[in-house]
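Comments concern the structure below.
Chain naming follows the written order as A, B, C and D, and within any one chain the residues start at number 1.
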Amino acid sequence: MSLLEIAGLSVQFEGRDGTVPVLDNIDLEINSGDRVALIGESGCGKTVFGMSVMRLLPSNARVTGSARYAGRDLLLADEREMQQVRGKKIAMISQNSASVLNPVLTIGDQIAESLTIHTSCRGKDLHREVIALLTSLGIERPEENMQKYPHQFSGGMRERILIAMALACNPDLIIADEPTSGLDALVKAQILELLRTVMQDRTLLLITHDLGTASALASHTAVMYAGEIVEYGPTQELFTYPLHPYTQGLIAASPSAGFHPIPGVSPAPGQVPPGCWFCPRCTCATDRCSTGHPSLKKTGTNRQVRCLRYD
Amino acid sequence: MTRNAFLWISVAILAVYFTVALLAPFIAPYGATEITGSPFQPPDSGHLFGTNDVGQDIFSQLVYGSRVTLIFGFCSALLSVSISTCAGIVLGYYGGNLDEVVCRILDILMPIPIFPLLIVLTTFFNPGIVQVSILMGVLGSIHGIRLIRAPALSLAETPFIEGARSIGATDLRIMSRHILPNLMPVVTAKFVSSSQHYLVMGVGLSFIGLWDTMTVDWGSMIQNAYSSGALSLGLWWWILPPGIAVVGISLALALAGYSLEESFNPRLEVNRI
Amino acid sequence: MIEVDAVSKYYTSGFFSRIRTYAVEDVSLSIRRGETLGLVGESGSGKSTLGRMMLRLVEPSAGRIVFEGIDLRALKTPAMRQLRPRMQIVFQDPDTALDPRMTIWESVAEPLMVWQQGSRHERDDRVLELFAMVGLQPELADRRPFELSGGQKQRAAIARAIALEPEFIVLDEPTAALDLSVQAQILSLVQVLRKRMNLTLLFISHDLQVVEQMSGSVAVLHKGRIVEYGRTADILHCPAHPYTIQLVEAARRSEVWFGKQRGNPGPGDGAG
Amino acid sequence: MIDGHYLLRRIGYSGAAFVICVTLTFFILHLMPGDYITNYLLSISNYLPQEAVDQFYQQYGLDRPLWEQYVIYVCNILQGHWGYSYQYGLPVFPMIMQKLTWSLVILLPAVLLGIAIGIVLGAWSGWKSGGKKDLALFNFMIVFRAIPEFWWAIMAVWVFAFSLQWFPLGGFTSISVLSSGLNPWDVLYHAILPICLLTSFIVAGNYYVMRNSMIAVIGEDYITTARAKGLDERAVLWRHALKNALLPMVTMTTFQVAGIIMGSVFIETVFSWPGIGLLTTDALRMRDLPILEGIFLLDALMTIGAMLAADILASHLDPRIRMGDQ
């Protein structure tokens, strides 16, 4: 059953010097129980994607297309409706940094907040609920820790708190934006293990640049390049038999494969070459690659790729 | 109107003021304290802005008065910002015990009210414009040093400064070629806002009688007119010109300051789109 | 080539406090000419401090640092300055590694200016040569850092570091802030330059897999102390210290997650 | 809960600041040509009987070593003996205190109103930043602040008191006080214009700081986090943005309020309001050093106290200071 169905989603930012396209014509279907990873390098628009679904982009963003959640297009919903969706139906684990938690509120208050808005849970029940959440995420001495302020926690603990906040109302879909960036190797491994456990029977949209995180958590993976999806498929299959030259290049560039670099640089938003956007960096590009822009084609049962070689 | 337009208009206005102050003897028809007509003469071709209670030409007083006002405002701002910048950069760059000691001293000095202190000191020294400018500049830099030191400190900790040290650049080169240029936006904005602040303060101090009665400047002109009842006597030409002159330069500096601040503070800018 | 002998760095809080907080405690290691030593540790383990102390960018509190037989701590500031061109550093975050108000050209040329090397004309030639060495297009020369991508900035930072032909370079997590594909580009650039210029490197990283690719020996730093030090292959295969064991395990695990799904990758073998 | 060391240090700083102020005034008095007793006596009478001088010398300890004089001076200051005015020959302390009461009549309502209105307007403007109404208000405030305070006061007198004749030209009471005694309504009638002006100066200062602070806060990640939880805009503003935006305000407001003594000098001079401000102008014209020093000491005491209070309040509001930042 399709939980979130995104079709033709494009985002442009209006700036002083005209509009800058960031996302182009994204189609993505997330079924209930899927854990979909969106992989891409910095600047490819993957964070904007998550924010556009939540309708949290700044006012100079122009979003077109549709994002149907439970039969309702979120992009058309009014603010009041969105407030009912955010946190309750779709929750977000933001990119971890020291500033994502409010420095003047205790973490207990901040976790309890979404419960207070979306449920009738109050007083003692609320307290118990928060403690249960903290315990389930491996935060020791929850009674004591919920009285503390964000600056008293380490990066790993803050990540757990962020996860607790997202899980509080038991949402249908969780959007996790780079949940492991900025963490040390050991802490990162712990958080990944934790996420694997708590996300076991949930629906997840994981946004990351880290292939390891994606392969550890996701059932399906979409690879983004310069604001469009270039390849989609079940994670295991996709990493074993990558079809798109960019995906192949990414995997070859990873440490365990020995750092074979992809030549060139990603195009800046709004400065994509004609034809296939990856063409200038592609090792197997032909003449027609520099003229015709490929579309996302189905190959095989469950896989899609945007490359002229598979036409 | 765009921010740049504001900035250029302000610069043009300031240029006019400076020209007038520089070329005062050529512009003013009479001397500042010269008695050139009968008292309370309304504006006419001989006395552009009329005359005051003793028959001095108000236009000439205005022109000569600009010198006192501008010297006080800009000199004290220049001094204060120079002290703040040099001290701030040195403290921020070297850090360590010197920084710690100076910062604690500044912490202690911070709540001492500058304005009454200035009044006490000027009463004690009974000084001229230059001395008060110096006093004002020194006292004002107590706040300024902190303002410059903070960004200088965070700059000094950025890798490109370490990088400059690692290629063997001398401390002087690092401070003058790397830290100072990167601080210029802050310093410029601070200079413009301080000039406005000090200029208005100078006129204000003169309005309440800081200088001796012989000094002609906009503040004492307003004070003279106001206390002699220019308002109730309907002698608008006596009190309006110096007031409008102050308002004009103060507005120009304020607009320039805000335009600068906004163009250097990307956060404010983003929110303006 | 460079030897670190029982070096410590501690901070005291306040004037009168006797409580010392150690960033680096009693560390000894040595790097031979042409060798690359990997330095692994989590954030806050003191690895950056150690790297900076080896260049005396941070003043050690105790111990000796000997570079080519010269005790660095005994040197006065001018003598140390004379030694600086022989040792360089490349930083983690390319955004802050270059002066934002200088063009790329000015940044790369600055070391040559400081040491008054050659005429203006010769300097220009040298900068062009450096641009070519690190793979920067000459048309980027007049841009400022914010107009470049992370990878380009890091290339410029490397060009600046090698401008004076140093013998020893500290690479402080040079790719931690970069994307995967750019990381590979930079690392292979470092390898090429190392061979070409016979550089001695200290490669600081939190990523065991990166260090494995880059260096023959590795030191593991934990809470300011070296807990393991030896050949990379040995340590990865049979780590002795509990911390290293955890670290290797974590790396292995993510490799398993990823590696078991990875078949036969490579840019050339498309499934066309 | 407050970090004790922090509190102690702050109190220590405040004490040191006051000691510096007292030392300053002591040395200024002592560096005056002649000594301050002779100056004082000369200013009230041309004839100086030697016995009177000697008596004063003994009483003020002027025959003792400098450090003893200093100790005596500090003790006197602490006990409220702030010297004698050259001009009136009266003790300075009660004089200043009496004027202070009058100043507070206009200062107190102005400060309270000014802070409240300034914060509300600034918060609203920052929250709506970029909008038409915000920009209109912001530009108005820039212009308002750029025009000197005394000029606003003069213009206000001209328009409201002289032309429209809504308010009296100045002073604190009508001439009828001689016959019927002080009437609170009459005083209020005289105070309204000065209070309004002072209030608007404080509003303008606080507005600008609060707006900037608000703009900085709404760009923070935790605001996005709060929205992502499903909070409505009101809750985001009240629960998350406002408290954070108020933190820098605490200190800035204190600076503003401490600076208002200058604004009140102008207002009181223009309106002939018999408070500290008018006293300052008077003393400045007459070069009456003891009064000016007294005003300086009083202002210093008030500012130092206000800053200390602000520090404590800030540390109470901000857990990062309260817990001692790591």
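What to note about this one:
Everything below uses one rule, namely that a residue touches a chain if its C-beta (ideal position, glycine included) is under 8 Å from a C-beta of that chain, and two chains touch if they have at least 3 such contacts.
Model, not experiment: these values are computed from the prediction.
For the pairs A-D and B-C, the larger set of C-beta contacts lies at A-D.
Centroid analysis (C-alpha atoms only) places D farthest from chain C. Remark: chain A and chain D have CA centroids separated by 53 Å (rounded to whole angstrom).
Centroid to centroid, with C-alpha atoms defining each point, chain B and chain C lie 48 Å apart.
Computed centre separation for the pair chain B/chain D is 22 angstrom, with centres defined by C-alpha atoms. We define each chain's centre as the mean of its Cα atoms; on that basis chain A and chain C are separated by 31 Å. Annotation for chain D: residues touching 2 or more other chains are 130.
Against chain A, in their complex, chain C makes its touches with residues 42-43, 149-152, 179-185, 187-188, 206-210, 212-213, 246-247, 249-251, 253-255, 257-259, 261-263, 265-272. Every residue of chain B that touches chain C in the complex is listed here, in rising order: 97, 100, 158-160, 162-170, 173, 178, 181-182.
Listing the residues of chain B that touch chain D in their complex gives 104, 107-113, 115-117, 119-121, 123-124, 126, 196, 200-201, 203-204, 207-210, 222, 226, 231-232, 239, 243, 246-247, 250-251, 253-255, 258, 267-268, 270-273. Chain contact summary for the complex, chain D toward chain B: residues 13-14, 16-17, 20-21, 24-25, 28, 31-32, 129-130, 135, 142-143, 145-151, 154-155, 157-158, 162, 169, 212, 215-216, 219, 258-259, 261-262, 265-266, 269-270, 280-281, 284-285, 287, 289, 292-293, 295-296, 299-300, 303-304, 306-308. Against chain C, in their complex, chain A makes its touches with residues 41-42, 184-189, 192, 209-212, 215-216, 235-236, 239-243, 245, 248-263, 265-266, 268, 283-284, 309-310.
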